[in-house]
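Each chain gets a letter, A, B, C, D and E, in the order it is written, and its residues are counted from 1.
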Amino acid sequence: ADLTISCGAVGAELTLCQEGVAAWEDKTGHEVDIVSTPNSSTERLSLYQQILSANSSDIDVMQIDVVWPGLLANHLLDLNEALGEDVADGHFETIVTNNTIDGRLVAMPWFTDAGVLYYRKDLLEKHGFEAPTTWQELTETAKTIQEAEQAEGNDRMQGFVFQGRAYEGLTVNALEWVASHGGGNIVEADGEISINNENAAKALDLAASWIGDISPNGVLNYTEEEARGVFQGGNAVFMRNWPYAWSLAQSEDSDVRDKVGVVQLPAGGEDGQSAAGLGGWNLAVSRYSENPELAADLVAYLTGLEEQKRRAIEASYNPTIDALYQDEEVLEAVPFFGTLYDTFTNAVARPSAPTGDAYGRVSNAFFSASHDVLSGNMTGAEAVEKLERDLMRLKRRNW
Amino acid sequence: MASVTLEKINKVFGRDHIIKDVDLTIGNGEFVVFVGPSGCGKSTLLRLIAGLESITDGDLKIGGDVVNELPPRERGVGMVFQSYALYPHMTVYENMAFGLKLAKENAETVDGRVMSTARILQLEELLHRKPKALSGGQRQRVAMGRAMAREPRILLFDEPLSNLDASLRVQMRNEIARLHNRLGSTMIYVTHDQVEAMTLADKIVVLNGGHIEQVGSPHELYQRPATRFVAGFMGSPTMNFMPATLVSSDHLGCRINAPGIGEMALPQDAQHLSKGAELTIGVRPEHLRLAEPSADNRFDIVNVEYLGNEVYVYLDPKEGDTLIVHRSEAPSQWKEGQAVSLIPDTTHVHVFDQNGKALPATQASAAA
Amino acid sequence: MASVTLEKINKVFGRDHIIKDVDLTIGNGEFVVFVGPSGCGKSTLLRLIAGLESITDGDLKIGGDVVNELPPRERGVGMVFQSYALYPHMTVYENMAFGLKLAKENAETVDGRVMSTARILQLEELLHRKPKALSGGQRQRVAMGRAMAREPRILLFDEPLSNLDASLRVQMRNEIARLHNRLGSTMIYVTHDQVEAMTLADKIVVLNGGHIEQVGSPHELYQRPATRFVAGFMGSPTMNFMPATLVSSDHLGCRINAPGIGEMALPQDAQHLSKGAELTIGVRPEHLRLAEPSADNRFDIVNVEYLGNEVYVYLDPKEGDTLIVHRSEAPSQWKEGQAVSLIPDTTHVHVFDQNGKALPATQASAAA
Amino acid sequence: MSTSLKDSAPQGARLPIRQGRSTKVRRQRVKAAWLFLAPMLIALTLVAGWPLFRTFFLSLTDASLSDLDAANIIGFENYLVYENGLWFGVLADHVWWQSVWNTVYFSIVSVSLEVIFGVIVALILNAEFKGRTIVRAAVLIPWAIPTIVSAQMWAWMLNDQFGIINHLLMMAGIIENPIAWTASATYSMWAVIMVDVWKTIPFVALLVLAALQMLPKDCYEAAEVDGIHPVRVFFKVTLPLITPALMVAVIFRLLDALRVFDVIYVLTSNSTSTMSMSVYARQQLVEFQDVGYGSAASTLLFLIIALATIAYLYVGRNKIQLGGD
Amino acid sequence: MNQRQLAKIAKRVGFWALIAVIMVYAVFPFYYAVITSIKPSSDLFMVELWPSNWNLDNYAQIFSQSSFVRAIFNSIIVAVSVVFIALLLGITASYALGRVRFRGRSTIMLVILGVSMFPQVAVLSGLFEVIRALNLYNNPAGLILSYTIFTLPFTVWVLTTFMKELPMELEEAAIMDGATPWVTITKVFLPLMWPAMATTGLLAFIAAWNEFLFALTFTLTDTQRTVPVAIALLSGGSAYELPWGPIMAASVVVTVPLVVLVIIFQRRIVSGLTAGAVKG
């Protein structure tokens, strides 16, 4: 084959990718192999790195996470060079910035993701609440409903579930809390460490107060699926999760089918604003590809408007092109794309671009500190102070 | 009470019927020796008594209780294995001390017993060696020491002296006899050594192909073997057998014709046999006299074996293929190649019928 | 050529010096028997010859070539292990055929040899059994068969018959002798059985504590033991030793006084010893005559052992603690508790000096 | 008579002991031995030589996964360096020390438990009973399931909300409220240990079983006749005789335990309360891209294991002779 | 007598109870996996010991993927070859290490062990380079080669230990019969080492069968992958969704060959192989 692409490990995603690739093959007459990669993103990353650091051309086009461009930049082709300066025009600004390392566009945005808040419409209605707009409101609502439900004999009812395990997911969750409280972005775009502030501490303290109260202790080891498990089992009032949970919660055999609402994540206090963690995937071309032009062309095609529209309609993948959020066909298929448009465009990116190679450490330090606060080992203030020190140490060799 | 009773004991290995209807009573404190050809089931019988093999059929009683189901541990037996079965990781000392129940015996008793056993067996200098670094005979003595140190009420010995030199063997034999006197325990002993069997046993059991041929005192077995098998088995060199025919018989005895030797008048009762019946006569080497050859009694000496204190003279029988042996004090006048005549001592001739059963003495001569 | 020569062979295990300066020449086709007390190094010596142990010091030659460096495979040696060492996963047949197959003999030869060896050893019915299902004696025979089937030019036997019954032992002994005649191979044989040693050997080597005490023909060793050790070791029951003192000596012989027995005139040459020197006299049981007791020659009979064809009478010596044995044909007139006098046959009395060396006969009597 | 029949205790002048004199026979044997070893050594060198050397080497550089070629040799800075009034390097990282402690704790506890239960299971599998085949196969199942799957399975079963374990415990009335096994610092290490023990008992059991099966039968008969209680027989005969095999099982379990990764990673991810040295090394190598630093951590891990192994072999030198006999 | 019988019965009951406990402990998680694999995905979050609804959809799903079937095939090839190589090299090496005395033996034992002392992640990239250099990337042969890094030390050590236990006399008998070391190994030791061989073989097989990290890194395309990777690559409908049902179904499926293997090979783990070999 002329090219090898690694895209979408997961079922529907893989099918979509295959279709897209097939279309390109028809169009250009080239042949493309599709290899599947592990679902776990760390495993996928290390696999890529393994191959890339061997300067191997085994994979030409790879699907990379929004936090990876910084890490992989050295091995990736500058797409601006290959496809022209304007290739990323029309894509979400945040993502394009995220993917631009040292002035090189190393990956094309493909689809995006952002944290949203799921709630139980039925329960909120029953107990006379509206969907919360601040975390404080969420806390109270959750507590009231949880207690009331438990009193009614629904022992297992929990107020709020999220991703509390010490892993990348917690970085996103905690960043959402901090950012929504105006606590900054951990490390700002210019490389400045900003985490040691009151708001950040407050946000973490608030989250810590949930544990054992409105959230089960086990949430400290939850990832997306455990949280969804609880929520979809009808045992939680609120859940922070990615949009993927929507279609599953709405599936035919779901316990909470048609009882679920989705809103943007709450804001931190009256003067805070909602902040959704940015997720999503991009397509990049390996520098060691034997057919870089061809590969770039494939990337351009797959991330193009046509293809993104198809994906949005067929499988509700969030496009990264502004225009598609006004597209009638798209909105018809996925109504909440319209309502949550702001959420997607304003999603906060994790500080992977400024920290580059060190992002892993930064994220690790951050989720560890957050986890410490959640498990009650530290107060928010202590944690952010220590975190700042740790980050300074990490910054020793400059990001 | 440590009497041992075997009642119609049978043992089958797969398709091989190894022990066949063995009935035997061994009194408390008796010293019984099992003898028999290689593979006749001696070890198997010991292992059945020890409880190491399950009894296929029949009852085994120890002190009156049926113990078929009792594990070896609870039978109160000690055993010297034919294959030694030493604990490879323990020193000689530990091997011997292991069986002494530490809970009951205090350390001093254990030490005392082990040391005295070691002294008896001349193992004192080897106490700290592992079996691997011992010679065959030394291992065998350790195996013996292990069983002896425990002083159980029943002791089973499976060819315990086979790898020892003659003089050590004599000493060990005496030690075993002394131990038997001191402990008064029941002992069952397997050996291939005639001397051991004859000197140690209160009672000898001759086994053949899994069944008992004869039980009796050493004297009895040697003097009055009940079957040709026993006659041939006891005594070394072995008894000479020659074919013969019955000439006549009455209540006082019989006349028998052994081809090549001549007619003999014997005190055996052969009245139930018809004239001309085919018999076998048996004469021990020491009951054969050699003389100058005659025309109809002439045998060739094919081999003369010198044993230091005695000489075996082998003669070529004219019928059959087993050599005839004559035994006499050394030095001997006979040389290989010479011809001689054979003169049996008729008071010591055994007669066997075609089934190998010995003909009994007549009433008259028995009374004499 | 398969002569074997040992030149100052030494073997040290760790700190134990097991074989000490052994010098020995074994001619091609000779049958040599090693005897000696348990643990004296017989097996070790065989293993050195086989190449299973490395020689610490000295040279081993086979057919004139030094083979210290040769692996066992290339020495052309077969060995019957004291511990059998059968291949447990192979049947009796396979055990015996293994070496032949390795020697690339064709299938027919293999089969023929195995079958004929099995016949000789009476193993035919067991050919398809595994060693686990064999009796001790049967295993031993398989071990023998394995070495014999290969018909090597040197055959080493380590107590190959110890677990066989008397009559089988006699047969096997004869078979070994026959094999020796047929193959003409050199055979080295370890045994504890006096009869085997005496009957099979061209030459007997008496080992003691790792060194050679004496080498000679069976007759020589029995009649003219060079040391007290050899005298005591050869012959069963063993020679009687009694203390004595030298009374006088000249070139024709000497006079010796044995307390409790009296003065004796002996043909030994004791001229190099001073009067009053302490000696030991040795008399074999068959060279002792018993008579009515006298005042200064009176011994108590403490035990009479009946062995079928002969009787051992044990006497309490007044000095020393080893019983004196008298041996005679059965039946015996002597009873336990009787007192007797001891009359040695002075033509068969051995005299040893304090170092245990036998005094030689005087020139005069030697010439006689 | 008896005086002359003493065992031939060597007396007299001792020969100068020339042990290990290299005869040709021995040399040939040794040559054969090396010939037999060669394929294995070649295979191992081929496979392991370069990777191990490379790890050593990289630990002395500042290599980063994103650009290995740009590595500079920086000496022992990855291990320990004093800079700007602060200590840097693996040895100055409290997380590293935490992971060392976690690993050691984990290894000692889980290997001990595995050995005890493994031996018990092996003894049972060694007994003759109907259906032994099935039980043998069943017992091996935990080892047979890929770790990545079984660890996830346990994560699932240990889940506080919909895990079967809490469900059963609550049904049995042992606990009131569901326990967050893998989340709480108190339980998570024990959860990890439990899963690891569950998974590796078969390994120990199988090895011990093989050892049990190769024991000489006859000395058991001797023990039985000697009237020795089975428990005593086990401790005095069986245990000493299977010790070599057991020691090997323990060594390899120890090596694996000290390098434990999957179980901890899947069950509790990067949580520092259970982080092991391998997880730490992997985090540095893969997640943090710092190949130099990660290699340093790996090398330290290697050194710690090597020390532990040597100490272990030293302590047990009477039981397991390194090739001695 | 009565008391004795009672004690006997109690012993038997205790014994079987112990077996039951062990069985439950060992098999329960597997049982749970089976349950999970036949549950419809909606019931996944329901805690139950017995599935209220069940179907075989998950099995149908995994078997419909040709890549999964292919992966099983690859795994078999890889594991069998690994076991074969490990045992072959292991048995020869263990003869040298276990039965011949020479200098440097303990050093070699330690060096062999040393190979197993590095964390897998650390050797991963070095090994990756070796594999690429040998041109074995994305090729089961590369896996076979790389698996020797953990199977060989283990096999060599275990076999050496067991080799040492065999009676010296047997080897000597073989030597006297004129056997070369190779013949001694194959004809005399091998048959007696079956329990050890079966055990190490099984353990090596399972280790190779279940290995994940190398398999993931050294293969790329579906046609070359092994089972654990295939399972890990099984995926749900979207990024965060774990396809529990299919994963469990696949795990059950891949465990079955191992169980069969155990049932076959455990026959080889029999006692008393050396009985009757030597006296003393």
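Heads up, the rule we're going with is that a residue touches a chain if its C-beta (ideal position, glycine included) is under 8 Å from a C-beta of that chain, and two chains touch if they have at least 3 such contacts.
Computed from a predicted structure; not experimentally measured.
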{"item": "Inter-copy rotation, chain B to chain C, in degrees (Cα atoms; steps of 5)", "value": "180"}
{"item": "Highest C-beta pair count, chain pair", "value": "D-E"}
{"item": "Whole-Å separation of chain centres (CA-atom averages), chain D against chain E", "value": "16"}
{"item": "Computed distance of Cα centres, chain C from chain B, in Å", "value": "23"}
{"item": "Cα-centroid distance, chain B relative to chain D, in whole angstrom", "value": "57"}
{"item": "Junction residues of chain C - those touching two or more other chains", "value": "37-39, 41, 51, 71, 82-83, 133-134, 136, 232-233, 238"}
{"item": "Shared-contact residues (touching 2 or more other chains) in chain D", "value": "1-2, 5-7, 9, 29, 162, 216, 218, 286"}
{"item": "Shared interface positions of chain E, touching two or more other chains", "value": "45-46, 124-125, 129, 232, 242, 272-275, 279-280"}
{"item": "In the complex, chain A residues that touch chain E", "value": "4, 9-14, 33, 35-40, 43, 46-47, 50-51, 53-54, 56, 58-59, 113, 223-225, 228-230, 232-233, 241-242, 244-245, 247-248, 251-255"}
{"item": "Residues of chain B defined as touching chain D within the complex", "value": "50-52, 71-74, 76-79, 81, 83-89, 98-99, 101, 122-123, 125-126, 138, 146-147, 150, 152, 165, 167-168, 171"}
{"item": "Residues of chain A that touch chain D when the two form their complex", "value": "42, 45-46, 49, 53, 71-75, 156, 158, 164-167, 216-222, 226, 229-230, 233, 235, 357-358, 360-361, 364, 367-368, 371, 375, 377, 393, 396"}
{"item": "Residues of chain E that touch chain A when the two form their complex", "value": "40-46, 124-125, 128-129, 132, 137-138, 216-217, 220-222, 229, 232-233, 235-243"}
{"item": "Contact set on chain D toward chain B in their complex", "value": "1-2, 5-7, 9, 216, 218-219, 221-229, 236-237, 240-241"}
